[in-house]
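Questions regarding the structure given below will be posed in turn.
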Amino acid sequence: MITHPVLSGARQVVTLARRRCRCASLSVAGILLALAGVTALSGCARAGGRAAATRVTVAGSTSVTPFAEQLAEEFMRKRPGVQVNIQGIGSSAGIQATETGAADVGMSSRALNQEEVRELHPVLVALDAMAIIAHPDNPVRNVALPQLRRIFAGEIRNWRMLGGRDAPITLVNREAGSGARGAFEELVMGKGGSPLDYRSIRQGSQGAVRAVVEGDPNAVGYVSSGVLTPGVRALHVDGVAPTAEEAVAGRYKLVRPFLFVLRRGEAPVGLARDYIGYVLSKEGQETLVHSGLIAAPKEALPWKD
Amino acid sequence: MTAEKQVRVWPRVVQRIAFALIWTAALATLMVLAFIVLYVLRLGLPHVDWRFLSRYPEAMGREGGILPAIVGTVVLTLAAVAVAAPLGIGAAVFLTEYTWESRVTRAVRFGAEALAGVPSIIYGLFGFIFFVTYLRMGWSILSGALTLAIMILPTIIRTAEEAILTVPRPYRDVSFGLGATRWQMVTSVVLPTALPGIVTGIILAIGRSVGETAAIIFTAGTALTMPTSLLSPARTMSVHFFVLAIEGISLEKAYATGAILILTTLLINVLANWLVVNAVRRHARRG
Amino acid sequence: MNDDTKILVEEFSAFYGENEVVKRMTLPVRRHEILALFGPAGGGKTTLLRSMNRLTDNTRHARHHGRILVDGKDIFAPEVDVVHLRRRVGMIFALPVPLPMSVYDNIAYGPRMSGIRARKRLDESVERSLNRAAMWDEMKDRLAESALHLSGGQQQRLSIARVLAMEPEVILLDEPTAALDPISTLKIEQMLLNLKAQCTVVIVPHNIQQAARLADHAAFVLMGELVEYSDGRKLFTTPGDKRTEDYITGRFG
Amino acid sequence: MEGLRERLIARTLLVVACSVVLALAIITYFIFRAGLPIIFHLGLDDFLFSTRWMPADEGGSYGIGAMALGSLWVTLGALVVGVPLGVAVAVFSAELAPTWLANLIRPAIQLLAGIPSVIYGFVGLMVLVPWVRQHLGGPGLCVFTAAIVLGIMILPNIISISEDSLRAVPPAYRQGALALGATRWQTIWGVLIPAARSGIMASIILGMGRALGETMAVIMMIGNSLQVPRSLLDPATTLTSNIGLEMAYASGQHREALFATGVVLFAFIMILNLIANVVSRRRVQA
C-alpha cells in the first residue's frame, strides 16, 4: 500500500500541505471562491463572526429550537427585513459556536459547566418541565423517581415490575451532548449516579423521541412538556403531573433551564439584543407559556455582569 | 435409460426453478420501487397545492409551505453545479484531449474514484471543519455548495469523459487538419458533440445534490429562513423532509415534501433519459 | 533541390513505438502536379501523408527521424507553428467526415478557425470553395442543411471544398474515393486535375488505375520503403523495379 | 501568441484536473488532522475494540467496537438482501427479460438510485418498522430493518455494474455453451456468471461501500443503541449513524472522537475502493 505510486504521491501532498497547510488551503479556497463567483469581501465581513446588522444567528439546543423559532417568526413579523437564523445543532455545539463566534447567541437546555461559565454569560429565558412520556395504551400512569432512575439505568426492564403489562421496556434516550440528556442525567440519575443504560435507543431530537414513543406501545422517553402531543402520555412522577403550575409550585421536580448564552465581555448589540429583549418581553414570555413552558423568573436579568 | 432420462429432465426442472426465482426477484424489485414511489406520492400529493409550494413555513413547518426549502435547494444545487461543472468538464477534457495515459491521469482518475466512494457523512465532517470552521464561512449556502461540488465532481468527470470518448476520432483529425488549435478543436467539435452526455452527467449530479442530506446539514445548516445571499444558511428540501419526518413535526407536511422530492427525482431522471435517448438517436443517424 | 520542388521528404523515417513504418525515405513533390503514393496496404503511405502536416503529433508513441521540407523549411523545426502549417497543407481522409453541423459551417470551419469572423468574407469563401469543388449549384440551396444528410459522394466533395476554403498550398488525400461509387469517384478525380493549377496534390490512390489516371509522378512504397519514384506514365508502363512490376501486374498485393 | 494561449489553456486544464487530487488530499488531511490525535491518545486498540462509548464518563470513554460491529452487521445484512436480488435482476435484465421489459427496468433502476436516501429511511420507518415490531417483536428500530432497506438501496449499484459485466461477456461463450447442449440456465450459471465474476465482485464491493457509508436512512431506522447487537431485532448503531447523530452535539474530545470514527470509516472505504479497483482492473485485463 505504501509503495502505491498514487498513494505515495498523495502522501507527499499531505506532507507538503502539513508544512504550509494554512497558506495552501487558503489559496485553494481562494480559487474555489473565485470560481463560485463570490465576492471575497463579504467573506471577510462574515469571517469576523459579527452578524450583519440585519441578521443574527442563534444556534444550539434542539429542545429550545422550536420555541426560539416560533419567537423568531413573531419577531421577524414585527421587524420586517431582519433575519433571525435558528440552527438546531445541540446545546454543546451551540455553546461552542457562540464561543468561536460562529453564532451570535447560543441556546442551551442545560446549565453551563464551570469552564463554559468563564467564557459565556447565560440568560435564563424559560424553565421547562421535562415530561416522561409513554404510549397512551400503556396502563402505567405514574412512576416514582427512584423507579425512573432504575428504569433508565437498565435495572427495571419490564413494565410488569411497574404494574403494567408483561412487556419489555423500550428505553428511548437522547444522545450524549444533548441538553435534554444532560438535564435528565442531572435531575433523574443524580450526579455520580448510575449511568444511563447504553442499550437504549437513542434519537437525535425531542421530536424523534416522541415519534418513537408514539409508535411503540412499550417505549418510554423524556421530552420537554412543551412538545407533548395526544400521541403520547406524560407519566406522573411521584404522583405529580408535569404542568407549569406544579413546576412553579415546586412539586414537579424535573425542571431544567432554557438558556440563551452570550460571549462574556461583549454586551449583545443591535439585533441580537432586540431579539433577546423580545424573548424576555411580556409578549415573548406569553408565547413561551402558551407553548407549555414556564416563564423565566423575574430575577433572571440579562447581561448585567 | 433412466439415468439418461434424469439427465435430460433434471436440468430443465432446475432451469424452471431458477428462472422462476429470477423473475420473482425482478418483479419484486420493480414492485418495491413502485411501492416506495406510490406510497409517498399517495400520502403526499393530496397535501401539495400551490400554497404549499409558494408559502413560507410556519411553526417550524407544521403549517404553511416550503418555499424557502425550494429556494434553498435550487440555489445550493445551482451553486454546486456552477463550481463543479467547469472543474469536472475541464478535468475530463484534460484527461481525454490534452494528455496521454500517465502518472498524472492515473492520479486524477484515482482521485475521482476515491472521491466517488467517500460517504456523504465524511463530506459533511470535512465541509464542517474546512469550510464552516477553518475558512469561517459559517453554515451557509457557500459552504454547502462547495462541499456538494466536491461530492458531485466525480460524477461529472466520469460522464463527461465517457461522452467525450464517444465523439468520433476522425472529427479531431479533420478539425486539426483544417488548422484548428487544440482548444478550438475542443470547443468547436468535441464539446458540442459530447454535450448531451455532459448535460446528462450534470443532471445526474443535480439529482444527487437534491437528494443529499448528511453533507448539507453540517455545512449549510438547517435554518428554515429564506436565503438572502450565498452566505446565508439554508435548508434544502431533503433536509427539511428529514427534520419533519424524524422529529414527527408534521407527517402531512413530511409526506408532501417527500412527494415533491420524488417528483423532482422523477423529473430529473426523465430528463436525463430523454437526453441520452436523443443523443443515441442522433449518433445512430450519423452512422 | 530545384525550384519547382514544393515538398522534399529527406531521409525520413517514422516510428510507432519500436515499429519503423516509414524507412529512410527521400522523395520530392513538385509544384502544381499530382504525386501518387501507391503500394500494398500497411506500407506506411498514410503515415507519410499524415507526417506531411504533422497530424502524427496527435498519435501516441509516434516518432520520426529525418526532415520534411515544405518550401525548403523543415516542418518539424521548433519554430514552426503547426497550426499555421496545417492551414497551408490540407488533408482529406479515406472516409468522408462531415462535422456535425450545417454545410455552410463545415466549409466556413477552416476560415473561422483562422480567425475570420466577418460574415461577408465567410460567404465569399464558402461560395468560392464550393465552386472550385464544382458543387455550388447542388449545394447553394442546401447550405443550412446538416452535412450529415448529404450522400457519401457529396460528403467527400464537401470535405475537399472544406479544405479548399483554407486556400491551401498543398492538399493531401488518403484514398479519398475508397468509400465512393464510380460516378462520385470520377467527379473527384476531375476536380483534382483542375486543382493542379492552384496547388500541389499528394494522393494515396484507391487503386492502380486511379494512380495511372491522375499521377504526374508516382512513387511505389512497399513495407515502408520507397521502391521506385518516377514519371507517372513511365512508371506504369515500364516499371524499373521487379517488385513494382509484380505489383502493377497483380502478382501480389 | 496563439501558442502561448494554448499553453496557458493546457496548463489551466492540468490544474483543474489536479484539483480532484487536491480535494482528496485536503479532505484526507483535514479529517485525519481532526481525528488522529485522539486515536493516538487513546491507543488504536482501545479505540477500535472497546465497546464502551460514553462521552459523559469522567474523561470520556470512546470505543467504537459496538458501532463497528453494528456497521458490519448492517452491511452484511444489506449484502444478504441486495446481492442475490441484485445479481438476479442483472441476469434477468441482461439475459431473460423481453426487450420491452429490459427497457423498463433500466430507467426504473436509475430511478431507484436517484431517490433520496432520506426517503428510503422514511418509508422504512413508516412501513417496515411497525411491521417488524408487530410481527417479529422488539422495538422495530433494529439491525434487521436497516439491513433490508439498505439492501434495497444498494440494488442499483449491484444491478448496473453486474449487468454491464454480464453484457460484456463475449457472445461466443454463450453460443459455445449452448452448442454443447447446456440449458440456458446452465449457460448462465456455469459460464456467464463465472465469466462476469470480477465485475459482479466489484459491484458487490461498491455496494458494500455504499451500505457502509449510508447515514441518514440508517439513523432513522436502526435505533442508534450503543449495544453490541445480539440479535437482528436488537437496535444498534453504525459508525456513520453515530457520527450523524452525535456530531451536532459534540464538543472537545467527544468531537475529536467522532472525527476519529470518520478516519476509521474513511480508511475502510478507501481500502474497499482499492479492492474494487484491483478486482475490476483484473476484469479489464481478462
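Every chain is named by a letter (A, B, C and D) in the order it is written, and numbering of its residues begins at 1.
Definition applied: a residue touches a chain if its C-beta (ideal position, glycine included) is under 8 Å from a C-beta of that chain, and two chains touch if they have at least 3 such contacts.
Only a predicted model underlies this, so the values are computations on that prediction, with no experimental measurement involved.
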Seminar exercise, completed: Ranking chain pairs by contacts puts first B-D
Seminar exercise, completed: If chain centres are mean C-alpha positions, then the most distant from chain A is chain C
For this session: Kindly work out which chain lies most centrally, taking the average of its C-alpha atoms as its position.
Result: B
Problem set entry | Approximate Å spacing (C-alpha centroids) for the pair chain B, chain D | 17
For this session: Let me have the rounded angstrom distance from the C-alpha centre of chain A over to the C-alpha centre of chain C, please.
Result: 77
For this session: Calculate how many whole Å lie between the centre of chain A and the centre of chain B, each centre taken as the average of the chain's C-alpha atoms.
Result: 33
Problem set entry | Centroid distance [mean C-alpha coordinates] between chain D and chain C, Å | 55
Exercise. Which residue numbers or ranges of chain B touch two or more of the other chains?
Worked result: 86-87, 107, 110, 130, 134, 181, 246
Problem set entry | Contacts with two or more other chains, residues of chain A listed in rising order | 9-10, 25, 88-89, 203-204
Exercise. If you look at chain C, which of its residues touch at least two other chains?
Worked result: 83
Exercise. Chain B touches which residues of chain A in the complex?
Worked result: 5-6, 9-10, 25-26, 29, 32, 35-38, 42-43, 46-47, 49, 55, 57, 65-66, 69-70, 73, 83-89, 100, 102, 203-208, 210-211, 214, 229, 231
Exercise. Which of the residues in chain C end up touching chain B in this complex?
Worked result: 53, 55, 58, 60, 83-84, 86-87, 90-91, 93, 95, 97, 99-101, 109-110, 112-114, 148, 159, 162-163, 166
Exercise. How about chain B: which of its residues touch chain A in the complex?
Worked result: 58-60, 79, 82-83, 86-87, 103, 106-107, 110, 130-140, 142, 145-146, 149, 221-225, 228-233, 246-249
For this session: Provide the residue numbers of chain D that touch chain B in the complex, in ascending order.
Result: 2, 5-6, 9-10, 12-14, 16-21, 23-24, 26-27, 30-31, 34, 84-85, 88-89, 91-93, 96-97, 101, 104-105, 107-112, 114-123, 125, 127, 152, 155, 159, 182-186, 188-189, 206, 209, 212-216, 219-220, 240, 243-244, 247-248, 258-259, 262, 265-266, 269-270, 272-273, 277
Exercise. What does chain A use to touch chain D in their complex?
Worked result: 1, 9-10, 13-14, 17-18, 21, 25, 28, 31, 62, 88-93, 95-96, 170, 175-178, 182, 185, 195, 198-204, 212, 215-216, 218-219
